[in-house]
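Look for chain A in each of the two complexes below; its partner is chain B in the first and chain C in the second.
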Partner chain A sequence: MIDALPHGTQAPLGSPAKRRPVVPSAVLGTLIFVVAEVMFFVGMISAFTISKATALPGSWPVPGQPMLPADATALNTVALLLSGAVLVAAHVSFRKGSPMAKWLVLGAWVLGALFVGLQGREWAALLSQGLTLTSSRLGAFFYLIVGTHAVHALMALVALGLSFVSLLRGSTSPGLFFGAQTFWYFVVLLWPIIYARVYF
Partner chain B sequence: MRSVRAALLGVVAGAPSSALACAVCGGAQNDESTGVYLAMTGVLSLLPLALMGAVAFWLYRTAEAAERADEAQRVESVPPQVEH
Partner chain C sequence: MSAEAHAHGHADGHGHHGHGHHDEGFIKKYLWSTDHKMIGFQYMFTGMAMALLGGFTVYAFRMQLAFPGISVPGYGRVTATDYNALVTTHGSVMIFWVAMPVLIAALGNYLIPLMIGCDDMVFPRLNRLSYQIFLISAIVLIASFYVDGGAFGGAWTSYPPLSAKAEFSLTPKGSTLWLLAVALEFVAFLLGGINFVTTVMNSRAPGMKMFDVPIVVWMIIIASILFMASVGPLVAGAVMLLFDQQLGTGFFDPAKGGDPVLWQHLFWFFGHPEVYVVLLPAMGIVAEIITVFSRKKLFAYKTVLYTAIGTGVLSFFVWAHHQFIAGIDPRMANIFSVTTLLISIPVAEMCFVYIATLYGGSIRLTTPMLWALAFIGEFLLGGVTGIFLGASGADIYFHDTYFVIAHFHYTFFPIAFIAVFAAVTYWFPKMFGKHMNDTLGKMHFWGTIISFNFIFIPLFVLGARGDHRRIYDYRHFPDLMKPGMQDLRILATVALLVLLAFQVVFLANFIYSLFKGRKAEANPWNANTLEWHAPSPPPHGNFPEGLPTVHRGPYEYSHPDRQDDFWPQHLAGDARSAQS
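This part shows the complex of A and B:
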């Protein structure tokens, strides 16, 4: 955590300075976690890219396996991106002290939940068509990468939900709200990369 | 002796190009997969540095901005000097 003196105060000579955080600990902690998670996902995407590039001619897309529904997933992608935009609006609203902030957080949460729900429906359809974790390399990579992203999305939804509840009670700490936001932006911004790499 | 050293140096300098030290990269079937290996190696090598650099830069800028705001507030709170 980086500390600075409180606004408008000067440390008296010889006395320990009272310090306040410049960046909330929750945000800094989430940021460090996000950096580690970015490398985790990039490692998996890298393995997928190499596996796809080195596949023997005619073996990718895997014969007899369903194609990934790129068109249908575009709707999920729009819902998630929209959720990120609504959360940015919530952030601005919160900074201004507007009571709209909590409803915008709820809107972002609903759009995020819609994304996870649509992804779940897509998975059910793919599983019923025979694409499983062990059916092919595509299936293994797909469920690993997209599944891990879904787990992160669920965790971020829990954090956003907690932020909403505390905003509703009027007891929100900026640390919780900004930390949850940082994590949600990571989930939102990572998805288009996964979508572009894995689905096409 | 000097010529032996020069010959050894030449062998050491020239050998890696044909050694294909990485069995995976060297065994790439075509130019496209070799390109992908190189690109991914670049991404995985440089991205951590870029991420850490970006976080450090952002923290530096945030701390600097807070310090400037403190300084401005301190100047505002000092009462004006009255000359006698």
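This part shows the complex of A and C:
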């Protein structure tokens, strides 16, 4: 997404009137990527759902395996959703040209990092209770799905951090910022679905 | 000033900082280029090289089937393990490293910016990255032949438990490398597809409305969207399979509570739309060629477009016809039988629309036109035999026989080769500024088409007689060695040798024309679409006289108000003529 300058904005004078894109290229490109990503998660989550639904009687929940900490994870969920809301506020103030925008981006980043940190703590606890990738189907699917989401969250945090740095340097080019936002909203909005389908 | 500004209007996006006609070094120009045309060529030549690999593998294993146990010239004795690896490599290479890169990546990259009248892709560096990842994936696949145990031998569909457990597949490293290569290849096409859709959405020439976009561009876009919407579940499955292979999880292992059929669902959820991912661009190529060489407007442009979208949507609901005998619920099999038979309607409709376009036209039987007409005929045969396999009752008998192999080769050969030969012979003057030799082109055409039918009609007959696929040596199966059966196998193999020999004619023609061909003018076929407005070959930036403006649809041939029988899209003119 680094060449994500909105197409046409750099065209020198004298070029013919370019059509104004309805959706900037950086956002459109990220959105198409997000569609593929959504289908990726749909594949994993539906595989897990089918696996649960076809379990033999007495084999689910898996005997001898810890229950997933659904209540404690509610806190993580709130942190992530808040982060998304703060980023919406950052977008609004960026549109207004307010200097607050970059600090709101930082706020969203911190809340997002908090989510990843809390998830890490949860993993450490579950691992110590004997839930591992190979211990059972529950463990395999849990680490697969939640781990893939965590990898996406980390990628999105890097993109968001880069856009914070570019805003801090006074950049007004929206390509990276809008692309990173699109991806972060995907990470945020995907999580409640994973939370509902995997933890309960 | 103005023309200069157009050609370099997106200098920032290109990563070039020079001005004017900079001389680039060999590496920068041919290997590290961000120019969409060069990336298209990179994909095309890599695809052609991989086609040679795919052709070599099929040569080796068909020789084994016709003359079991002989030492194949150029390969040596084909062992059972070799046989599995060769069959798997043939399937994977032809689909993932030939059909997709040439049809979508090469032609999409080359044609989209030229046909929509812009200077390059929206994300040129992403485009370069896409090819580089693709090249690495091809290298990883080839490398898998040289690791312990050899290349993966679990078929291109990679069903577990065969693919998941080294004690069954005997290729502990080969199967992981195969999976890695396929995954990398998907990343490459994902980047390419993002680029295609964004470019067509945001960079069309002024005046080019939705229904002024040439059908082939629409088809590549619909195919890219299909690919991106279907590939996710397969990537999910691939990650799970990789975990099963390397980390000891049991997603697909019944002993650990997993389900091997789950992989089949994840695989075919991608695998069936994939057929349409490669079919639609081929259909688009044929649409361009038959309109030009019958000098007629495409019959029912909008119908073709909506039909293609409908085919794309429907293609997501047919996948389980691959699992009719895998133990799925018969009620579900009924539903998938119905959807499978339904999807033949839009595809047949497209073929009929093309035939209607030919009706009453002044047809010119040039080499590209011959290929395009052959595509319609041969693909229809593939489609019709698909009906037998889509009906779940008949499929119980036909499943896993050579009938299936003949069926999908009657669809994939027209897609991956007939349509590609049509496209290469048609756009060759634009790509390289030279004409191809017509006599050699027609020789290659007839040699290929006739031998192709002699390969696969015997296989239909064999399949109907119950000849099972995935068998290394038929001498161990007396039921499959009844009188005449081995003769048909030999006939198919001999026809294959003839087909492969005729490809030498094509390669010779290609290389000869590249260097010694007659020089081509900008618009040798008198075609309408924008790429023929650019010089042949188009320079960096495509349109040195400035980006074109579009005034009408792409198929205004033999318009009654006009003396010429073609009316290029970029020419300013009277009122826009009505579409449809």
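Just so we're on the same page, the second predicted complex is superposed on the first by the 177 of 200 C-alpha atoms of A that agree within 3 Å, B and C clash if a C-alpha of one lies under 4 Å from a C-alpha of the other, contacts with A are read in each partner's own complex, and residues count from 1 in each chain.
In this text, contacts are C-beta pairs under 8 Å (C-beta built on N, C-alpha and C of every residue); 3 or more make two chains touch, one makes a residue touch a chain.
Because the structure is predicted, anything quoted here is derived from the model rather than measured.
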Touching partner for A:Thr148 - first (chain B), second (chain C), both, neither: second
Partner chain in contact with A:Ile50 - chain B first, chain C second, else both or neither: both
Which of chain B and chain C A:Ala124 touches, first, second, both or neither: neither
Chain A residues touched by each partner, larger count belonging to chain B or chain C: C
First, second, both or neither for A:Ala196, with chain B first and chain C second: neither
Which superposed partner A:Ala72 touches (first chain B, second chain C, both, neither): neither
Touching partner for A:Val38 - first (chain B), second (chain C), both, neither: both
Touching both chain B and chain C, residues of chain A: 2, 4-5, 7-8, 10, 22-23, 28, 32, 35, 38-39, 42-43, 46, 50, 54
Touch list for chain A against partner chain C, complex: 1-5, 7-8, 10-19, 21-23, 25, 28-29, 32-33, 35-44, 46-47, 50-51, 54-55, 59, 133-134, 136-137, 140-141, 144, 148
Touching residues on chain A, where the partner in the complex is chain B: 2, 4-10, 22-23, 28, 31-32, 35, 38-39, 42-43, 46, 49-50, 53-54
Residue ranges of chain C in contact with chain A within the complex: 1-2, 5-6, 9-13, 15, 122-126, 190, 193-195, 197-198, 201-204, 206, 225, 228-237, 239-240, 243, 247-251, 256-259, 262, 266, 269, 546-547, 549
Chain B residues touching chain A - in the complex, by the definition given at the top: 28-29, 32-33, 36-37, 40, 43-44, 47-48, 51-52, 55, 59, 62-63, 66-67, 69-70, 73-74, 76-77
